[in-house]
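Below, chain A partners chain B and then partners chain C, in two separate complexes.
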Partner chain A sequence: MSAVNEVRDSYDVAVVGAGPAGLTAATACAAAGLATVLFDEQPAPGGQIYRAITQTPVQRASILGNDYWYGARLVRDFQASRAQYVPGATVWSLSREREIGVSTGGAARLTQAKRVIIATGALERPFPIPGWTLPGVMTAGAGQILLKSGAMVPQGRTLLAGCGPLLWLLAWQYLNAGVKIDAILDTTARASRSAAWPHAPAFLFSPYFRKGLRLMLSVRRRTKVIAGVTGLRAEGNSRLQQVAYRTADGAEIRLPADTLLLHQGVVPNVNLAMSVGIEHRWDDDQLCWVPVVDGYGGTSVDGVAIAGDGAGIAGAWAAEERGKLAALAAIRALKPDTRQDILPDEANIRLALAKVERGRLFLDRYYQPAASFRIPRGDTIVCRCEEVTAQQIIDTVALGCTGPNQMKSFLRCGMGPCQGRLCGLTVTELMAQTRGVPPAEIGHYRLRPPVKPITLGELAALPKDEAAIKAVVRG
Partner chain B sequence: MAAPDVIVIGGGLHGCSTALHLARRGIAALVIEKDHVGRHASGVNAGGVRRLGRHPAEIPLSVASMELWHAIRDLVDDDCGFQSHGQVKAAEDEAEYELLRRRVEEVRALGFTHEELVGRDELRALVPAIADHCVGAIVCRQDGAALPYRTTLAFRRKAESLGARFLEGTRVTGLRRQAARWQVETDRGAHEALHIVNAAGAWAGAVAAQLGEPVPLEIIAPMLMISAPLPAFLKPVVGATGRPLSFKQFANGTVLIGGGHRGRPDPATNWTDLDFAGLALSARTVWDLFPPMRDAQIVRAWAGIEARMPDDIPVIGPSRTSENAWHAFGFSAHGFQLGPIVGAIIAELIATGHTNLPIAPFDIARFTRPA
Partner chain C sequence: MFQRLPDAGDLAVAITIDGKPVKARAGDTVAAALFAAGIDHCRTTPVSGTPRAPYCMMGVCFECLVTIDGVGNRQACLVPVQEGMSVETQRGKREIGR
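Moving on, here comes the complex of A and B:
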């Protein structure tokens, strides 16, 4: 483990993110003798999927499940490697010349890498329903983080709502931990299910099929699942008190609730990639921006690759393989004479990747959230940082704002500390619908560094090189 | 659609202002913009509405423009977010204060009184948060700041309401004179008009070269950064004397830090790379001048692409090679405040062939005259 003052002026390879893709990428690069650093925001390796795996207080293995504990192997391999590991590190900028701005413990550094592998993974798709900003409402992902890192579970009346594998996984883990779930409000849209069926045969051969099925059945045996939910709203004065929804028969139902966990899938975390100018495209199946990458994660910016879910959602097992592929490209570029037996075995990787990616389209389509849950209207908050409503955004389209960048000058929407992570997709789809054009034509926020906030003091004290740091440390 | 009288190349503030002032005179303008209106420097600058510290040649224009700013709603039906809390230029030591004193004398000798020298106590009264070591300042009490994109869009909307037309996403590819008219070729068809106006900002050098009068235009990308909201502590816009700084707090509490350190522009792709070593210098200046800012969170930095001339003043006026061609570019990172008046000057020149404002120092011929 290293602090920021041990960060060197330059590396062969810098990897950002210590999830499955980042861990395998850094391990493979280091094994080939490349000077490798891995920057990660968390205090311990694992990313979101294997979060806190080296230090979780949840020690009973059956609660988080075998697929979680599997991650320990990736972490062990990485820890045994010669890669430098910098935890608690926020990468706040990356330039096209691959200069990286990074901070740990309130001190910032600039460092340079010949190759950068972005493995910043996924984040949850926004779920902008009325009342989603009330205390007591959180995302399933946030709920899972509290469980893994702090063994914290919701108390009182608990509802889960939405769709997607993570929602079911969290429900399963909660039930294993003895949490009482009052109900799961399943928002999976009928139209999405129909669109997915043609891809069901391929999914039968996915390793996720049997696991997913077993997990869902186990959850259904232990808690109430209400299907076909629409018109979802969180209600309460100053905090969540009840959740309102409709089902196919049309009547509005209200359930009392202390905690509502929302989730409708994950999307690539594109902020760092977009801030360096990597080309992205709109994905009509995953309904999000996806970087344009080659078979090794290589992007439109020379020397910068993306591995794992950040290059398009495919899950943890695929991320592991995609990390190795990005490493392979880096090794071939920087150390072309590396012995074959040290190089990751590309044929094996591709085979494994094909296996875990099989039937992916089924999942994408099946769990594609309904438009009404992605594109809010009226007073529903879109931008949490600046408290901007859907109607305000629609109104700026009438003022002549054709895209998110023009709009933000008026509403400051997307200009808060989250840099549009929580509202970007909503804004793009909302403006597209309002203008009657495809999301690709609307575009995304122009993202600028720092992609994560840094303090003025950190920036002011930014040392130029190792010599300057030593001087500071000595002083 | 009928051919316009004037084609304005460039949909920045100066292009939109020119179209508006032409429309007010009943002259039909077509603005051709390669991206969208306000996409570059006009939309993303620091928004300073400043007479303070202007080059002597710019002072008369700046003073005239300020009158338009103080009645901006009458001009464009929108307040443009303009607030007049003054501009302050602080001296960090006695030597700097002496420079400021001489500057104020110089401005007064030219017959202008808007720059006022104040001492330590008055500076503290105006800017209570400023560091103790600052000894005095120049203040321009009627100066202020506005919201740049909102301003540019307001000029565009008002111009459109009076009949000007805008073509966005359309790039000018060629200019030809034919039968005493201008043929303007674009990547989406040709247009013709009696007059053309070069208000193409960072891309204006290419237009001037086409007219046979190349200029030593440098393309620059001044960097800005902004903080998360802080409790209100600052009203005027503050600059420094010995180092570049532009510092102001918006009504929502966010603090904008700019002042001249530059990123690397790539005008072919509209991209700008930021230079964090340069931003670190700006941060250091703020660290010194505003101690309460030290823990402030910087949430975003950016840079707009614009043109700088070697003498740091713009090119305004007629082409010296071609008839009925006019220039308004090269504002060298301080053109925002001049927007309202420059459009009026170009419109007046086109309508009457003359303006009462002294624009001789901005003649494009200054770069071709033998030294």
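Moving on, here comes the complex of A and C:
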């Protein structure tokens, strides 16, 4: 454990996030003798994919599966390295000069790095259906985190709904743990499936193909899957009581439910990268903002790279390789005379990367969620923090708002504590649809530091030098 | 509604939730401990007063805001439980002075 006062004034390399990309990046940089720190918001290393891998209370290894336990190696290598690990640390600001504001345990510090590698990974795509704010409704990822980190599983009537690999993986893990799943409401869109077929041949050679198929068959054998779901509603009085769903043939059906786990894919967690002004583009396959990066994760901001799913969704195995590539660029820049045998082996990395990225486009297209699940209407809540509905946002377009930044000054949408993480994509697509222009033209919220709320007390407790005062004034 | 798997280990950490004593597992986050204790919601919203519960469990949604040891608006899904910790669910806006 490392407290905030162990954070030094400067480092060669600062890595943010301890998932596969952050772990391999920090390990490689430290191996080359660079003074390396890894800041992680979670209490233990592994990111979300290998969450709690050093301390999970899940006893039977077969519940979580081999692909989870594989992550232990990455953590072991990292722990054996000389990189400093700061868990429970929230990075709330990053400047173009690579000054980092970080808080842990209620105290804040500023530190400086020659290179920054952002490895903040992915978050689940918003799933704005009516009733998604009711207690009893949560993301499939949240359900999986409770399983990995607390050996906790839903009790009572349990429904999973949505589309994407994580939904099936969670179902498989729950069934392995003996959880009864009442039904999986599969929202995979017919149009997306057909759009994916041209890319199927490439996917046959993906390591994900056989695994995915086996897992889905195993789930289908053991639980009821309702395919072709085109509408979903969570209902209840102050907590979830039932889920109403609709399929293509129109009839609405209600299922009683205590827990509804929602998932429709993951998207890059862009807040920190956007706040430092890194250029992003709209990705028409993944339907989200993706930072513009070079072959080593380098961005439009000098000395700041992005590795892993934060640079575009490609999965955990790719993240591991992309972390090494970002490290390689940092080592070459800061210690060009590093011996070849200490440097990550680029040829090998590129080979491994090509293998795991093969057929990715098939997955992206196949699981592209239907517009009706991405772009809500009426009084469905879009911004959970400020309780702003789809219709309210549509109305601001009629008032002349062209993008999220004008809109938010009317509605406070996106200005709550989550800072647009749970509504940003919905707002962009909703405004694009209403105005009849591409999402790229609408843009995203302008994000500024602090990218996570911090208290005045934390700021006031900063060591009072000029940098500290500057940070507060700028913030 | 969540329950622990039978072999999930000892509940060795004593905390209080809204004054009631609760046992948690070392390594639980406060949000996990809330679920394990059967707490249905951890706050009501400042805007309309509707109940909310942790939604993402990974620090992005801020639905899990609670008061921990007197400090309001802490993200329950990011804070590990500690012996003697006092957790209070939040009603509406944060009360002045916290």
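In this section, the second predicted complex is superposed on the first by the 462 of 475 C-alpha atoms of A that agree within 3 Å, B and C clash if a C-alpha of one lies under 4 Å from a C-alpha of the other, contacts with A are read in each partner's own complex, and residues count from 1 in each chain.
Operating definition for what follows: a contact is a pair of C-beta atoms (placed from the backbone, for glycine too) under 8 Å apart; a residue touches a chain by one contact, two chains touch by 3 or more.
This structure is a prediction, so every number in the text was calculated from the model and none was measured.
When the two structures are aligned on the shared chain, A:6 is found in touch with neither chain B nor chain C.
In the superposition on chain A, A:453 makes contact with both chain B and chain C.
Within the superposed three-chain model, A:346 lies out of touch with both chain B and chain C [touch as defined at top]. After overlaying the two complexes on the shared chain, residue contacts for A:101 are found with chain B alone; chain C is out of touch.
In the superposition on chain A, A:186 makes contact with neither chain B nor chain C. Once chain A of one complex is fitted onto chain A of the other, the partner contacts of A:133 are limited to chain C, with no touch recorded for chain B. Judged by the touch definition given at the top, the superposed model places A:77 against neither chain B nor chain C. Judged by the touch definition given at the top, the superposed model places A:48 against chain C, while chain B stays out of reach.
Of the two partner chains placed by the overlay, chain B and chain C both lie in contact with A:417.
Looking at the superposed arrangement, the partner reaching more residues of chain A, out of chain B and chain C, is C. Shared contact residues of chain A with chain B and chain C: 416-417, 453.
Contact residues of chain C toward chain A in the complex are 1-5, 7-9, 25, 27-29, 32, 35-36, 40-41, 45, 47-48, 50-63, 65, 71, 73, 77-80. By the touch rule above, chain A contacts chain B in their complex via residues 93, 95-97, 99, 101, 110, 277, 399-400, 402-403, 406, 409-410, 412, 415-417, 419, 446, 448-450, 453-457, 459-462, 464. Taken together, the chain B residues at the contact with chain A in this complex read 36, 38, 43, 147-150, 153, 156-157, 226-228, 252, 271, 273-274, 276-277, 279-280, 283-284, 286-287, 293-302. By the touch criterion given at the top, residues 41-44, 48, 52, 55, 57-60, 88, 90, 106, 123-124, 133, 135-139, 141-142, 145-146, 149-156, 177, 238-239, 258-259, 269, 384-387, 416-418, 421-422, 453 of chain A touch chain C in their complex.
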